[in-house]
Amino acid sequence: MTIERTLFTPDHEAFRDSFRRFMDKEIAPFHDDWEAQGYVDRALWNKAGENGFLCMSLPEEHGGAGADLLYSVIQFEELWARGFTGVGFGLHSEIVAPYILHYGTEAQKKNYLPKLASGEMVGAIAMSEPGAGSDLQAVRTAALKQPDGSWRLSGSKTFITNGWHADLVIVVAKTDPEGGAKGTSLFLVERGMPGFEKGQRLKKLGLKAQDTSELFFNDVHLPPDALLGGQAQENRGFVCLMEQLPWERLQIAISAVAASQAAIDHTVAYVKDRKVFGQPVGAYQNTRYTLAELQTEVQVAQVFVDKCIELLMQQKLDTATASMAKYWTTDLQCKVMDECVQLHGGYGFMWEYPVTRAYADARVQRIYGGTNEIMKEVITRAMGLPGR
Amino acid sequence: MTIERTLFTPDHEAFRDSFRRFMDKEIAPFHDDWEAQGYVDRALWNKAGENGFLCMSLPEEHGGAGADLLYSVIQFEELWARGFTGVGFGLHSEIVAPYILHYGTEAQKKNYLPKLASGEMVGAIAMSEPGAGSDLQAVRTAALKQPDGSWRLSGSKTFITNGWHADLVIVVAKTDPEGGAKGTSLFLVERGMPGFEKGQRLKKLGLKAQDTSELFFNDVHLPPDALLGGQAQENRGFVCLMEQLPWERLQIAISAVAASQAAIDHTVAYVKDRKVFGQPVGAYQNTRYTLAELQTEVQVAQVFVDKCIELLMQQKLDTATASMAKYWTTDLQCKVMDECVQLHGGYGFMWEYPVTRAYADARVQRIYGGTNEIMKEVITRAMGLPGR
Amino acid sequence: MTIERTLFTPDHEAFRDSFRRFMDKEIAPFHDDWEAQGYVDRALWNKAGENGFLCMSLPEEHGGAGADLLYSVIQFEELWARGFTGVGFGLHSEIVAPYILHYGTEAQKKNYLPKLASGEMVGAIAMSEPGAGSDLQAVRTAALKQPDGSWRLSGSKTFITNGWHADLVIVVAKTDPEGGAKGTSLFLVERGMPGFEKGQRLKKLGLKAQDTSELFFNDVHLPPDALLGGQAQENRGFVCLMEQLPWERLQIAISAVAASQAAIDHTVAYVKDRKVFGQPVGAYQNTRYTLAELQTEVQVAQVFVDKCIELLMQQKLDTATASMAKYWTTDLQCKVMDECVQLHGGYGFMWEYPVTRAYADARVQRIYGGTNEIMKEVITRAMGLPGR
Amino acid sequence: MTIERTLFTPDHEAFRDSFRRFMDKEIAPFHDDWEAQGYVDRALWNKAGENGFLCMSLPEEHGGAGADLLYSVIQFEELWARGFTGVGFGLHSEIVAPYILHYGTEAQKKNYLPKLASGEMVGAIAMSEPGAGSDLQAVRTAALKQPDGSWRLSGSKTFITNGWHADLVIVVAKTDPEGGAKGTSLFLVERGMPGFEKGQRLKKLGLKAQDTSELFFNDVHLPPDALLGGQAQENRGFVCLMEQLPWERLQIAISAVAASQAAIDHTVAYVKDRKVFGQPVGAYQNTRYTLAELQTEVQVAQVFVDKCIELLMQQKLDTATASMAKYWTTDLQCKVMDECVQLHGGYGFMWEYPVTRAYADARVQRIYGGTNEIMKEVITRAMGLPGR
């Protein structure tokens, strides 16, 4: 890229280096095998915890490093740039943990945050169901309050990232069936609770080492303090979910740009090297213009995402802007991967090439975290357009 | 689609039905397992032979049915519509066999064609090499003529469809190192010949049940009559390759349209059924317009491809027009799959959905059979534009 | 193009030649001036009539030539290929006249058709209003039936092709305000009737020589037989409009393809000639691939449109298929013009270049005759998708 | 837009207001007439000068306001947002004047800059010729040095912005025919010099009020000090041209984003108001998603351009980045205008609608200031790709 990024301090860059070394040692040699088995080794989580690579932005009192979000930004970037998409640290550290930090009771924070930070527990969040994805109000998983204040939880969830490893799952459930959006709450459900069962790990187009899974809750008995935030947050689950959207969506945008730039770099190297008809593939004008277009858009995207990160850190990133970032960069990512595959010729279809996996991984980014269609709904509303 | 196709007679349609029954019985129940193992069961080839589903267009004297090409068209359509992309009948019957029929000596025809037609032998064609794909003149595999008229063949090939099963491989090799395009010949190489070894089956983004492989030739001793067409065709390999291009490329276009229409059909059914925010996904204007656009383009493509088939059967399809069909329909196929995946939401990323596999399979169609960039080179020349 | 068209007989081609000569003599030398003044010379209509270039498909008894529609196809193609887009023969001959032929009473046919065929009268059709375009049911022009069976017509129309020259206007008006679609009728209104006034000729982006105008009807008194088809067709106006849609939309598609091919031809010639950095613009790969892509799509479009013409002549073209043709080819036309302008560099912005005008003219094709969005509504319904 | 811009101080915004008032009073009431006549009234230049709206960034000693570039940024934005594209202040103030400021001799600065700043002189720059646009080395206009140090200039230029009004033209001419890029110089040529003649004002697709013209130089006798920068700059013309590229290209990008945002704003207002089938056009999902996409891209573009402005002001904007901005935002501008026209239905084709003119004006932005293809050449080189 041609524009120097200005977000990061030398400390951040030192962290980037150390995380790279961690990846080289603990991830790179194994990621292929993890793809084959469909999940990363559980031990990776503990090693990451030991090395301070989980929940870095949690306050120190809760086991974190009290770091600013840029450390997590760097982690997203590095994992996606290298194609280590099986590693679900981001969701764990920057989605699951923050829910507990922001909405949890003191007891919940004490109990869970240090375990998430150390890797003793792997976290997941379970919103989607077979019949409810974009439309979370259609969630049918329900928690029935018992006279003693405890709950009985039933329902099934699907597409749950980190689902198979998960020790702690934040489950979205109806607590007031009449209440619509205002009748939903979040529960902290632990592995091993009777009635909580894991379904199969889902076989996917990409993210092959990600243990995305189905989860089943068959009349799981939950103590009163399994309600995230306690009674204060009862029926306020949707509000919590909404408040976290900007950062969650921006995370996807960050990874999209990093993956895209890495693919361009791979491809530039490839086309300089590969010769056809007596000259490098990269000497043909079609190749050159294609790469110039991709690099331009990724450069533009980087500047935009960096601006959004800045706004986020100033508490100024709204949902519509984050939705712009999410939809636009992930569309771009898919376009970049598509062109980069093409420029690799037959090799672009071979699984051993990073660009091929990057192509497979990219496709889901337009779907999860709110589909890109849903992003447009959000933007359109911010523009004051009528309708639905 | 809204326009009735007029190519096919009732006989053709009866054949379509019977091939569908064959697929239901002999392919559908197993294709998933074949994907997992990376190749179709060898026995499938024999069953297909027994049932008359191989080399249908060969003259009866050579074991075929003397059928017109529309029977093969139907087979391409049905296999791709169903996603049975591991099954390499097309290349075997309509690329490999025709080379022998058109250019082989009487002895070669006698020897090989009936075996290909019966499934006793599986055929492949090996042009591409690690260092030569688009640019076949860069082929380094070479056959050295021996004083006794026999040949010594050395080199390596890659990306060879049906390669792992192949009993008979047509190998493109240099026979006159100085001759450039005019120094290339085709050889018939059989499994088991000393020095002919198979490399690994290649792990790919899609076409998971296809046994695409590397092949190695280490000083393979070939008898004089391993030269396809005998001495008459020595150094004429390129001419043969060129002559077959229109039909070979059209085959890809045919499969592209069939796969696309099937994906649209799947998706229309899905979006009618799937409900979000109280109405079917298919009721949203974005969904409807997207599908209207895809259906329009696929309808247009079908009319075009049918016209090309007509021209082909009248011996009037030139390479530039076939290249238009190949590039345009495969670009379209990838676009269709991409949108259909998106309309499936999270399910579009799950391997068990046909549309997901169709997405993965489609990607290679813009690459093999001559990349779409090479197609544009061909078209541009036919337009009289100054060249490369 | 690479595929020979098979629709036309030598007679058709002879007609094409003679129409070309007519254009060379009677249109080409003046079209620039007509653009400047905003309308073609009225005399052109009479000359066209004299030479048999109006209403060719009308039966001979009504002043036509009893010709098949291919003669009109040729006329559309030639006018748009040359950029003579001010000349409204098509609407006159193949929209206005057919309404009278298909739905008119014998007296109406006798009265008007020969005058349209001779050019004594110029025809127009007035559906659109300032507040009603896509949504014709919102038409507010109304005709009130008088006790004596005569009518009083009031309302205003806009965007009326041939409006300023028009001697005879088919006016869409509400005849039963409660009846919705079933309360609309068509009226034959003549220039000079008291209360019928012409507004300004509309200044447009392109179609500069087209006298598109506003029309005003201020309590125009119409005799009973001004109702097209007489009482039999009272309140059946919408049905008539619907029935004519396939042919009307196909006309636009025909012109779109012809204009596109002409622009490609111009541009190919230009880029072969124009030199930059020591070689023709047409030698750069970016230019070559762009033109290969455009030519491919236009070739595909031509085959599709020709198929539609065939279907139309067999009475088999349905509205959804015609809508596909209309939307897809006009989108393509705009894309072609956009790229061709670009390849002309600065000259592509200069009004004297045909490609520049073709760019300006093309833009409206996606809008009139039913916007391309409306086309998608139609297609989507034919696909069985749940509605609006 | 959703992201607040941070570039401008209250002083800048006050300037914006006052320039808006100037436009309201001195431009808005007349621009239509200026379009009809093909040039703005000469008096506008003097009024602008009087009011301090010319050459604001020139040092005060040279008649400017010593203002930072953001004042000019604002002027570009406001003129293009309002569609006052006939007004060539930008080229005059931020291209012509800076050449003299940066490369001129003291005498030249003294002589010309105050006149440019007051509007007494209108400036233009003449690089392009009928046979040389992208490829400036093909310039044939030549200046022959006379024994007394004076020059004789001959050649013709075309496409010259402000050409018809121009009082002072910077002319690019060969001074050493063998020297290639190193044999080019810049000359200051004044209206009225014998042999300097103006050709016709060029009729264009858009920019209708811009007096873009041809200029002819027939053996014009130039005094020695007509050479910009005097002898020190002899044969250094190309270097000067290159150095100014980043800012010149960024100017186009700035105008592209401003025009795009204005068109979106117009269109949002229009579709909220316009009703079809009982609801606003803006309530249809197709409309909403289209506008959400456009607004997203324009928002992204604004952030990028603002970043580039920042870099420019820090002397850190390189040519490749400016080329990214130029090509990407102008492509976007054309896309925005195209969609906005479509959403206006028939009105989008009527000249009286701002969006229609904006469509016509936009098209040239991808062509002048270096075509977008040339931008990609530049980017590609910065990426280290081989070839040309």
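Order of writing sets the chain letters: A, B, C and D. Residues in each chain are counted from 1.
Keep in mind that, in the parts below, contacts are C-beta pairs under 8 Å (C-beta built on N, C-alpha and C of every residue); 3 or more make two chains touch, one makes a residue touch a chain.
Quantities reported herein were computed from a predicted structural model and do not represent experimental measurements.
Trainee: From chain A, which chain is the farthest off, judged by mean CA positions?
Mentor: C
Trainee: Give the chain pair, either A-D or B-D, that is connected by more C-beta contacts.
Mentor: A-D
Trainee: Using CA atom averages as chain centres, what separation in Å is found between chain B and chain D?
Mentor: From the centre of chain B to the centre of chain D is 53 Å.
Trainee: Between chain A and chain B, what is the separation of their C-alpha centroids in Å?
Mentor: 39
Trainee: Using the average of all C-alpha atoms in each chain as its centre, how far is it in Å between chain A and chain D?
Mentor: Chain centres of chain A and chain D, defined by C-alpha means, are spaced 44 Å apart.
Trainee: Listing for chain B: what residues touch at least two other chains?
Mentor: Touching at least two other chains: 284-286, 289, 373, 376, 388.
Trainee: Hey, how would you classify the chain contact layout here, line, ring, star, complete or other?
Mentor: complete
Trainee: Which stretch or stretches of chain C touch chain D in the complex?
Mentor: 128, 131, 133-135, 137-138, 158-159, 202-207, 275-277, 284, 286, 334, 338, 341-342, 345-346, 348-352, 356, 359-360, 363-364, 366-368, 371-373, 376, 388
Trainee: Under the touch definition given earlier, write down the residues of chain B that touch chain D in their complex.
Mentor: Touch list, chain B to chain D: 284-286, 289.
Trainee: Show which residues of chain B lie in contact with chain C when the two form their complex.
Mentor: Residues 2-3, 268, 271-272, 279-280, 282-283, 285, 287-289, 291-293, 295-297, 299-301, 303-304, 307, 311, 318, 320-321, 324, 327-328, 373, 375-377, 379-380, 382-388.
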